[in-house]
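First subunit A sits with subunit B, and in the next complex the same chain sits with subunit C.
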Partner chain A sequence: MKGMFALGMMSRRGLMALALAGTAVFAGAPAFATPKTAITIGMAIEPTGLDPTVAAPVAIGQVTWQNIFEGLTTIDKDGKVQPQLAESWEISEDGKTYTFKLRQGVTFHNGVPFDSSVAKFSIDRARGADSVNPQKRYFASIEAVETPDPSTLVLKLSEPAGSLLYWLGWPASSMVEPKSAVDNKTTPIGTGPFKFVSWAKGSKVDLTKNADYWNKSVSVKLDSAAFRFIGDPQAQAAALRAGDVDAFPEFGAPELVKSFEGDKRLATVIGNTELKVVAGMNNSRKPFDDKRVRQALMMAVDRATVVEGAWSGYGTPIGSHYTPNDRGYKDLTGVYPYDPEKAKALLAEAGYANGLTFTIKAPQMAYAQRTSQVLQAMLAEIGVTMNIETTEFPAKWVADVLKAADYDMTIVAHAEPMDIDIYARDPYYFNYKNPAFNDVLKAIEATADPAEQERLYGEAQEILANDVPALFLFVMPKLGIWDAKVKGLWENEPIPSNVLTEVHWEE
Partner chain B sequence: MIAILIRRIISLIVTLIVVSLLIFTVMDLLPGDPASIMLGTSASPDTLAALRTQLGLDQPLPLRYLGWLSGVFQGDLGQSYTYGVPVAGLIAERLAVTIPLALMAVLLSILIAIPLGVQAARRHNGLFDYAVGLLSYVSIAVPAFWVGLLLIILFSSMLGWMPAGGFPGWDAGLLAGLQALLLPAIALALPQAGVLTRVARAAVLEVMNEDYVRTALAKGVSERTAIWRHAVPNAAIPVVTMLGLQFTFLIAGAVLVENVFNLPGLGRLAYQALSQRDIIVMQDVVLFFSALVILMNFLVDLVYLVIDPRLRADAQ
Partner chain C sequence: MIRALHRPVLIIGFVITVALFAVALLSLVWTPLPPAKMNIVHKLNAPLEFGLLGTDQFGRDVASMLMVGAWNSLSTSLLAVALGACVGTAIGVIVAMRRGWLEVFVMRGCDIIFAVPPILSAMMLGAFIGSGRFTAIVAIGTFMVPVFARLTLGAALQIWTRDYVAAAVGMGRSKSRITLVHILPNISNQIIVQVTVQLGLAILTEAGLSFLGLGMPPPNPTWGRMLADAQTYLGQAPWLALMPGLAIAFAVLGLNMLGDGLRDLLDPRNDG
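Right after this comes the complex of A and B.
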């Protein structure tokens, strides 16, 4: 319908232009060629509330982070930490005192100026006793927050936290001001380049350009942006084709991606996400308490076939709990490469010459179901019988697997960036306990030197690749499909987001 | 008549209270904790405890039930865990989509079913009758959401006549709103129309053999008048009953169709609330649906009294 109207108008304009051509001189581009300044972004999942500091779902950050809310630091499209509301910082020799120089002249969308007292409020709210911040654990090392003057913020730590600057860039660490914080869930107020306009629940969120945006070094081209929520992949594809949605940065169905190839109006941009698809095993339960069994299962898996069967060939195989976006990434898929014969031999060595039987609790999502089926067939090749039991995600999975650890094997895509530390958590559903691994992670926090951290992250990846606490399968691709004229959207997603700052329509 | 009404209203309220208890218990038995879903995989135990306290989930079950029920009686349906806004407002917003959608579907199904059913009855065992019979069985057998997908593929993707889903909101204009609801209403109406056609055909066939229709015909009334003036009104009772019964299916269908067409209606709210374990929203929406079904049955009974004078006499 829209298309028909547009055509009608163009031809009418065309006629008018013809009529005018006789009398007026044609100069420059015709009016309809000026770039659009509005965009509609499609998302599969509607956020639950718009305050990333009180709930975990990544969809919240995908609407608000960097658009409405900003942090002391930020994470750029290469996954690197950059200054934002903190202009610069100094870290003491012992790594326990962080002194931030805050940016001046920044105001929230409601006019409240940003200063050290606001920053202190935000951090105290996130780490306080009744905090419901989903990443509260990352603020645990902060002992005291001091504000010597309005533009200086000092964080005193109980122990060095080498990843603190990175964590401060997360959506959950966004800066919020005392007056509006309570209502951010429904009417978010931040310092970002876009202001919240309205939220038609179940349908869309509207944003408008913040004319008073502090960062004059970027020129925000969009006047308005809308996020529309469409769950069904068929409906997503239809909305893209009909032009109802300009971009679907994370399109839901890999099997439909090829169907866009013939469409010249739409561009397909395949990138990486932070979603690590891993089949976690209960490392304290027989037979998975035997490292050899886990290694054998890993060797029974041909990752390329898994990616092909589960996600139409999109996705990058991984050998550890780490993605190519992450700093210090090592390709460790060669540690236990596909080798069914060796796998059988190792199983026999562990005392399972006649194979074994277990159950995988697989969530209902397409990737989990399909991957489980591919795994089932591969494991059968080495005499392992894997039964598939579908478990409702998130509710039942969180209750049975994550909290009760009542499972043999499960499969899930871990969404949080740089979350290799989950293997050091106790309790955590893998029940994986390796003091050597924990020491490496402690060493990462003990240093603030990025090069040293990257080296240590490499070590951590290697330990996991060798111990195989989970079958490391693949990183979900970011299946971006958008109007070919839309530029500036991120190709990769080192942190779940839809940063609109640089998005614009090309001529 | 009044006594019957009062009795029916009292039983209606009692039913609702029993239903509310049932809903509350079932929702509580559902595995999954709203707080852990909201706070994700990284949440520490003390954060979870803080959120549970904030949501009032740490209180004992009977207390929570009574709190909810007394709230409902005072028109306060509570606050959504996930959206953080009053549930009453959420439901009201969604009704602006679901009610017009359901009404359109009912209207469409009547417009399709009655003429087809009546014509099929007039020419029963003829080619037209068989064709209508086949079509109605197919439309009953095919699920509404699948019809919806086909309609999207044809009218949105291929022809580009209709939006592929979504709802522009009523402030975008009545026409835009109705247009967005047309395809989903058709998807929802077709299975209903199939059932209704069968019922209308059977009912008209039955009354066509009644004495009064024969008498009318014998008096020299044309067949057309005999059918529309005498047969159809008398065939209305089973049709209205079926409409009332179908209402439940209409709501169930709306949950799926709203998801396919991405309509922000009550059905999608229920679906989302279920997967997020936004229990308070679930309770309220299910209670609302139950109340609607109970009320529908009550209204169907009332309509009987209006269209069938014999029942009115009995009641007195």
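Right after this comes the complex of A and C.
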């Protein structure tokens, strides 16, 4: 009887295996009776360290944010602020006191419990005099951090900061533990669903599931995750096809995306990033100090053609320094639409009837080089000669353009979400000065009402669309290519990230 | 001329080289389409679907770009080789005339230049004066100098041992006059052969520099950059890589065959 039963089981299992093998042949994928619990994520750029609170490269957050590190608040896949290590908060009438109720029972990966003293340490470390936090200015309005009891944190501000809750969700605002903070660059310790295992420099970072994760409302299905760094797009494609990499959330070359179309095993998911490709102009240098010249150049550009020529048609044209991911987004591509005749007339009105000549300092990245070439051809149509000077990014570009502002025009993709305030910064490489714009941005911080903020963000977008401090071109697409069985990866990227919390393999 | 007809290598090399120059010169007055004209509607069209050799990712005509690329490549290479040949030959004959410590000094200097590949020197030069055609010419030309200096020195030293040179010295002719009247004319064959061979090498190096973005800036088409741009389109538009690749291969092959053929033809030992 026992033998019979076993035999029956065997044959049943045999049949199942056969059936599975059959589907596998059709699906072209290896068969797994149970879903996989490991994933390998591909990234083009290796982070320079693993502590998002001390260095700017977005690759750091793309490995660690929400996987290893968490913040008081977080930003969800729709770009909205959600509570995380702070359960709830209250904002005083005048908008200058934020009282956070902190979550209990949260421990760091090294066993240290999270409480208000840890939160105070993290914020003081980020805003301190010798802080190297990449978003240090966001903490500037914080005057004092108080900890009345272990589960309460009070932030006293010198002036209202309406975006504070949003900023606290950024990778740079991650909560770090006092003892281990110094070593986070190489061995990051956070409160997230994954623990750091190892970093093979030049190759990959390994993470493993944090069995003691505090948030029981999410079920983390992955047991382990690896980030592999592959710079060359051809190699990225090969790794995806071979299954060495399960997902490339930000695939490098749009022209290769179509080659995945016939591949049933891989899914192509095109979303929006926060990467705004803009051709910044030196607003204090002739002839760009004349608004009409900038507007004329904008009208000489056919954004749809730019996207088609430079990025194989993937990407969304923009009319201001804002993406469709961002709250209060307005489509302003119609403010100065493509009209070469009008552009010529406006250029003549500004005193450049015979055209003009200038140089664009373009980084070596494919998007910058190709967009520059398309712009060059388009500007030639209205009699403008644009010379392309390749400027090595980041070192030389940062020194010449960002720091010294020694340039006519440049082109770069701005990666930070909701960074429209860069046009109000002084100094900043655009050398754009408009008090009316600065006032709108101040008003945004003065209110904590989301609806009012969105209205003001709309106003700010409109000012830029009319003033054209930079040629607003397009938002880079998020070219996600991954195994069709992988679910839970973000389609859009309201903040640069690879959140693995909900990632799982379909059965 | 009759002898030349019996040398297929020479003839093939000659034909390819003439064709190359013809196309390059033609591009100055005529191309099927303006080479920098973008036409996004017709992007990545296959050969003959739009234009003779198809279009690139911006819808530019590949045939027109190749033609202008031929001129850009040839003119840069010719100037570079001219620079190398003039300076190198001058150094070579002067050293052959003076010898002594100068010979040691110059030859070690040549070794040093040989030790640095032209791509590397172009990158260093580009960092100082910015990349572009001038940088490419100077970098490639500098690398050619020791080649010609060594060749000329060796050849000139041989001529200096000839009886008629000894006679001229005996008659009290000055060394520089002997160099001009006897040495240079007698080594010119070898220099011409070397120029042809170096021209092929210069085209290859120029393509390499352009490939790395150290050549002429856009919108000037160059074979090297066309090749570099084609990399990620290899799967969907293989002609983009194939065409400039073939152009470079044929140009170098043609010039090398011409050089080999000329060497055989002009070598007096081959008279028989």
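Note that the second predicted complex is superposed on the first by the 475 of 507 C-alpha atoms of A that agree within 3 Å, B and C clash if a C-alpha of one lies under 4 Å from a C-alpha of the other, contacts with A are read in each partner's own complex, and residues count from 1 in each chain.
Assume a residue touches a chain if its C-beta (ideal position, glycine included) is under 8 Å from a C-beta of that chain, and two chains touch if they have at least 3 such contacts.
Here the structure is a predicted model, which means the values were calculated and not measured.
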{"item": "Fit or clash - subunit C, subunit B, common subunit A", "value": "fit"}
{"item": "Contacts of A:D400 with subunit B and subunit C, given as first, second, both or neither", "value": "first"}
{"item": "Contacts of A:N110 with subunit B and subunit C, given as first, second, both or neither", "value": "neither"}
{"item": "Winner by number of subunit A residues touched, once subunit B and subunit C are compared", "value": "B"}
{"item": "C-alpha centroid angle, subunit C to subunit B via subunit A, nearest 10°", "value": "40"}
{"item": "Partner chain in contact with A:R370 - subunit B first, subunit C second, else both or neither", "value": "second"}
{"item": "Touched partner set for A:Q234, first subunit B, second subunit C, both or neither", "value": "both"}
{"item": "Contacts of A:T357 with subunit B and subunit C, given as first, second, both or neither", "value": "neither"}
{"item": "Partner chain in contact with A:T305 - subunit B first, subunit C second, else both or neither", "value": "second"}
{"item": "Which of subunit B and subunit C A:E46 touches, first, second, both or neither", "value": "first"}
{"item": "Subunit B versus subunit C as contact partner of A:G202, first or second or both or neither", "value": "first"}
{"item": "First (subunit B), second (subunit C), both or neither touched by A:T34", "value": "neither"}
{"item": "Superposition-derived minimum Cα distance between subunit C and subunit B (Å)", "value": "9"}
{"item": "Where subunit A meets both subunit C and subunit B, residue numbers", "value": "234"}
{"item": "Subunit C-touching residues of subunit A, taken from the complex the two chains share", "value": "233-234, 253, 255-256, 258-259, 305, 308-309, 312, 364, 366, 369-370, 372-374, 376-378, 380, 387-390"}
{"item": "Parts of subunit A lying in touch with subunit B, wherever the complex brings them together", "value": "1-4, 46, 48-49, 55-57, 129-137, 185-186, 200-204, 228-232, 234-235, 237-239, 241-242, 244, 392, 394-396, 398-400, 402-403, 414, 416, 419, 422"}
{"item": "Contact set on subunit C toward subunit A in their complex", "value": "36-38, 40, 43, 57-59, 130-131, 213, 217-219, 231-236"}
{"item": "Complex interface listing, subunit B residues touching subunit A", "value": "30-33, 36-44, 46-47, 50-51, 53-54, 82-85, 90, 93-94, 149, 152-153, 156-157, 160-167, 169, 179, 259-262, 264-265, 268-269, 272, 275-278"}
